[in-house]
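Take this structure first; my questions come after.
Naming follows writing order (A, B, C, D and E), and every chain is counted from residue 1.
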Amino acid sequence: MISFRKIKKNMKNQKKFTINKLDLKKGYVYAILGHNGSGKSTLLKLLYGITNFESGSIIINKEGFNEKIVHKYISYHPQDTCYLSGSLEDNFDYIYKYSNNEDLLDRGSLNELIKEFGLEDMLDINIKRLSGGEQAKFQFIRTLIMNKECILLDEPMASMDFDTIRIVEKKIKDLKEKNKTILLVTHDFLQAERLSDEVIFMQNLNIVEKYKSENFFKDFYFNNNYFF
Amino acid sequence: SSTAKGDEQSKSGDSKETVKEITLVTTTSLEDTGFLEDTLKGFEDENDVEVNVVAKGTGEALELGKSKDADILFVHAKQKEEDFIAEGYGVDRSEIMYNYFVVVGPKDGADNKSMKDLSASDVFKYISENNLPFISRGDESGTHTKELSLWEKSGVDNSFENYNEVGKGMAATLQMASEMKAYALTDIGTFLATKDNLDLEIVKQADDSLKNVYSIVTISELDKEMKIISDKLVEYYKSESVQKQIKEYGVSEYGEPLFFVFE
Amino acid sequence: MEIIEVIQIVIRSLYITITATAIATITGTLLSILIYLKEFKLKRQIIMIINSLMSTPPVIMGLIVFLILSRKGPLGEFQLLFSSYAMILAQVLLLIPIAMSLTLEYLNKCGDEILITCKVLQINKKDIAKIFLKEIKNYLIIVIITTFGRGISEVGAVMLVGGNIRGKTMVMTTYIAQSTSMGNFDESLMIAAILILISFMSTFFIKSLQKDS
Amino acid sequence: MEIIEVIQIVIRSLYITITATAIATITGTLLSILIYLKEFKLKRQIIMIINSLMSTPPVIMGLIVFLILSRKGPLGEFQLLFSSYAMILAQVLLLIPIAMSLTLEYLNKCGDEILITCKVLQINKKDIAKIFLKEIKNYLIIVIITTFGRGISEVGAVMLVGGNIRGKTMVMTTYIAQSTSMGNFDESLMIAAILILISFMSTFFIKSLQKDS
Amino acid sequence: MISFRKIKKNMKNQKKFTINKLDLKKGYVYAILGHNGSGKSTLLKLLYGITNFESGSIIINKEGFNEKIVHKYISYHPQDTCYLSGSLEDNFDYIYKYSNNEDLLDRGSLNELIKEFGLEDMLDINIKRLSGGEQAKFQFIRTLIMNKECILLDEPMASMDFDTIRIVEKKIKDLKEKNKTILLVTHDFLQAERLSDEVIFMQNLNIVEKYKSENFFKDFYFNNNYFF
């Protein structure tokens, strides 16, 4: 259970990012929807402690909010792929070598995931030369390996092909089964509808509202005629 | 502190533990002639001592003596040496040898002839009055001190336009004089040792007013062992055989001796 | 030494090193960009040589300038030896390889991305160099600080070609060297303090030019 | 001068500068990473001072070491003046600010991304420094080349604290300085050629350690 | 008209990228489809001269193939956003200041596009701080401004929101009206169907086949049951 209260953050262009009240429940999949620049990535960065805020509070599982607590419960998949220098394999190794994380999935599971995502032939290639989609696969696998209770996913599927998206969606459903909390930023409304329990809709650096998914998409189809 | 020195040797490992070391600080003019290197060999072999020769300006050399970083000095600035001893830093000075200062100037310089038969102070007067380029060491070395006393004697001011103070060692000063077609006061030793690289000639030959005395100054409060070595070094340079060596030093190379001994 | 003379020495030092730094960073950066952008034979080797020249002792650059400017040298007739021109020339020679090495290293790391952007923008060959200059601007600060630091603190070359003539070519470092050799350690430390103060102020000034990146 | 003596001088020079470079780059890089990672008061100011120290004339570092090691100084009893230890110490003091400035500049540019990756990987505070070391490795080459270059070519400090004792503390640059001041330009140029050759070879060697990045 | 013949390019991992024969006609929209790592981006990079090939030939409008000819006819929208340092506005200015391009749309059109994509409030923000979608908008506008006969688009809509995708699709249709040739890399099959005349399907660094769109998608729906 994660709660945000009265968060205020000044953005450089005199605008303010605000969350008055937001509570996230364990085992739920939240889809974070909103236009470009509405503050979705900023919300995840705040929660993971990558960016700071001026006032208000975040409390994770009633324990408070600091780096240790964040790392205890949360893993983060940033919008831009980030990695260290070296090959794809090196980058997987770094996780085991350096991560402080006690919940890491074991090497066996990693190898299965690598096969599942079809990266087994790429292991010795310098990671920065991989294609956009291959890098996205790497980053998603890394996030799974981190194996945390709450998982922040910032547009993980933006550059993945259709087959891969199917696998990722399946993984997200499995995570939900395991009672993980998931925050998924996506621009794919159909995907959001398929996966989410609730929708957090953002606009102008504010959370407009948190909806039950079924209600949100009912209204949405009613008000829009986006498709075809 | 002799044990400390032993420690340092064993640490550095680049010399045998039994070899004793003494740091002799001298002035650049003596080092540049190569004289020390050649004459110290005998001492090192005789006494199983390693002499570390450090060449510095006279001022720094005396400072090193004061801070006890030098174990013995070999310099040529009588007044300063006497002050050094009077202030309690030194024990004794022993005059080992001497040579002369000379005034050098551009080869075939138009004014050289006119200066040839003048006294040293008149040469300086001539230079000042004709505003000839002159390079002064300007570093309060023995040579510089001598130069200043000559200006005083000549009764003219040394602040004429072409007077340049360069704050360098003797050899480097001669280099500049050569390049700038200028006059300079130098000890004969350095001039002879470097003249192949210079476009300079002697315009004022040595005379008694230009005597340049080199002496060894022993430092006070040395530890016992070091004092023995230091005294031995003085004795060594005073010894007949070394005095003879000094007298002959440079004759084969330059056709004349670089130094004279007191006989 | 009188305070007025000290001030003169400080100004002379700054004049020489600032001039040399300006010439060296401008030519060095431009040359590096050209080398980076052009493909040619021996490119790797030339970069290697430039890197090596970073370790040339200043006194050697000084010696080369000395031999060129000396009466017997090719430019002897101009009688530039023991002048500030000679000192600037020696420092420029010394600083160019440093400016170039640092710039080349930076381009090696960040150049590809800039180059692709230039291609997307369809920028003229000759304007590409301009873009590189623009992009490199923020990094230039460290190049300038490094070369300036090396120039202002150098003593061997300026001593040789400048001659440390009092009132004419004496600069802070040669003055420090001289007063140290005369055993005037206090005076050396005082000038050193001034030098550090100046380099502190110039670093501060140069850094303040660096926009938030 | 005999060839065997020249070889000794070359080896001594390399020994001193390689040791100093190693110590300075290791401590310098580590310190820079710590400074970069830690938030503390006066951080900006300290970085500024480090940058300024780049322009300290070597002879001043030499003088400081001299005053410390001199018999009257705090470490006088160890009698380290006029030894290679003193020369190494002076060079280390000289090279640390250079290594630090260059590293800090690099971190300033590329550090944020590494830091975010570390957070994503949930890496321990103390292991983060390790990661930075790893990531910085390729850049380190230019740091090493720059500091080595500055060290091997420096003359003022090593002259002061080493004393240029023949057979003991004479290094290439002090030898060049001496023979140049005596007008033996040929000899100077010969040693200079050796020095450039060595720096060429070391640059080549160091560069070959740099993996394709 | 662009024709590829017998192109062979060695990738670092001992694989070969090959195009035996490919002809692109003026005024057509080509959708380039294929799995992650199948070589789509490589194809565009080859054509724009960003990466080189070992053998074979590319000929553009019968004039040959070199940087001048490429820049005369083609503009390129890379998969990763690329920009120079400075604000968003600076980056638009650079185009006019430095680009060698004689066909550039004028400032008036640029301002209209900026408004249309809702970037007018972001002009003074450092471009690297913009959100992923805002950067994508910037890059697409830049590509339009370049105003070339043939336009290479590498997943331009991957991080755009739904409304923006609608605008971009409209723009692509307008470009087709103006008889421009478009190569669009996308993972969105529905989008490809909406926009493309022909489909270039890639697999394993090879072009499997070029299809008429209607045939491709008929077969595709027949063989797959991907949707929902």
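Just so we're on the same page, contacts are C-beta pairs under 8 Å (C-beta built on N, C-alpha and C of every residue); 3 or more make two chains touch, one makes a residue touch a chain.
Note that this is a predicted model, so its numbers are computed, not measured.
Chains still linked by touching once chain D is gone?
Taking chain D away leaves a single connected set, one piece.
Starting at chain A, find the fewest moves between touching chains needed to arrive at chain B.
2
Kindly list the shared contact partners of chain C and chain D, in label order.
Chains in contact with chain C as well as chain D: B.
Quick check for the class: compute each chain's Cα centroid; which one is farthest from the centroid of chain E?
Relative to chain E, the chain with the farthest C-alpha centre is B.
Averaged over CA atoms, how far is the centre of chain A from the centre of chain C? Could you give it in whole Å?
Roughly 50 Å, centre to centre.
Where the CA atoms of chain B average out and where those of chain E average out, how many Å apart are those spots?
Between these chains, centre-to-centre, one finds 81 Å.
If you average the CA atoms of chain B and of chain D, how far apart do the two points sit, in angstrom?
Chain centroid spacing, chain B to chain D, equals 35 Å.
Do you know which chain D residues sit against two or more other chains?
Answer for chain D, listing residues that touch two or more other chains: 185, 213.
Touching at least two other chains at once: which residues of chain B meet that condition?
Answer for chain B, listing residues that touch two or more other chains: 56, 168-169.
So which stretches of chain E touch two or more other chains?
Residues: none.
Between which chains does touch occur?
A-D, A-E, B-C, B-D, C-D, C-E
In the complex of these two chains, what residues of chain A are touching chain E?
Touching chain E: residues 12-13, 34-37, 41, 79-80, 121-122, 124-125, 129-134, 136-137, 155, 158-166, 187, 189-190, 194, 226, 228 of chain A.
Any idea which chain D residues touch chain B in the complex?
Touching chain B from chain D are residues 70-73, 76-85, 163-166, 168, 181-185.
Quick one: which bits of chain E touch chain C in the complex? Just the residue numbers, please.
48-50, 71, 75-78, 82-85, 94-95, 98-101, 126, 142, 146
Which of the residues in chain B come into contact with chain D in the complex?
Chain B residues touching chain D: 1, 4-5, 7-8, 12, 14, 23, 28, 32, 37, 52-56, 67-69, 168-169, 171-172, 174-175, 178, 193-194, 196-198.
Touching chain E in the complex: which residues of chain C?
Going by the criterion above, the answer is residues 113-114, 116-117, 119-124, 127, 130-131, 134-135, 138, 212-213.
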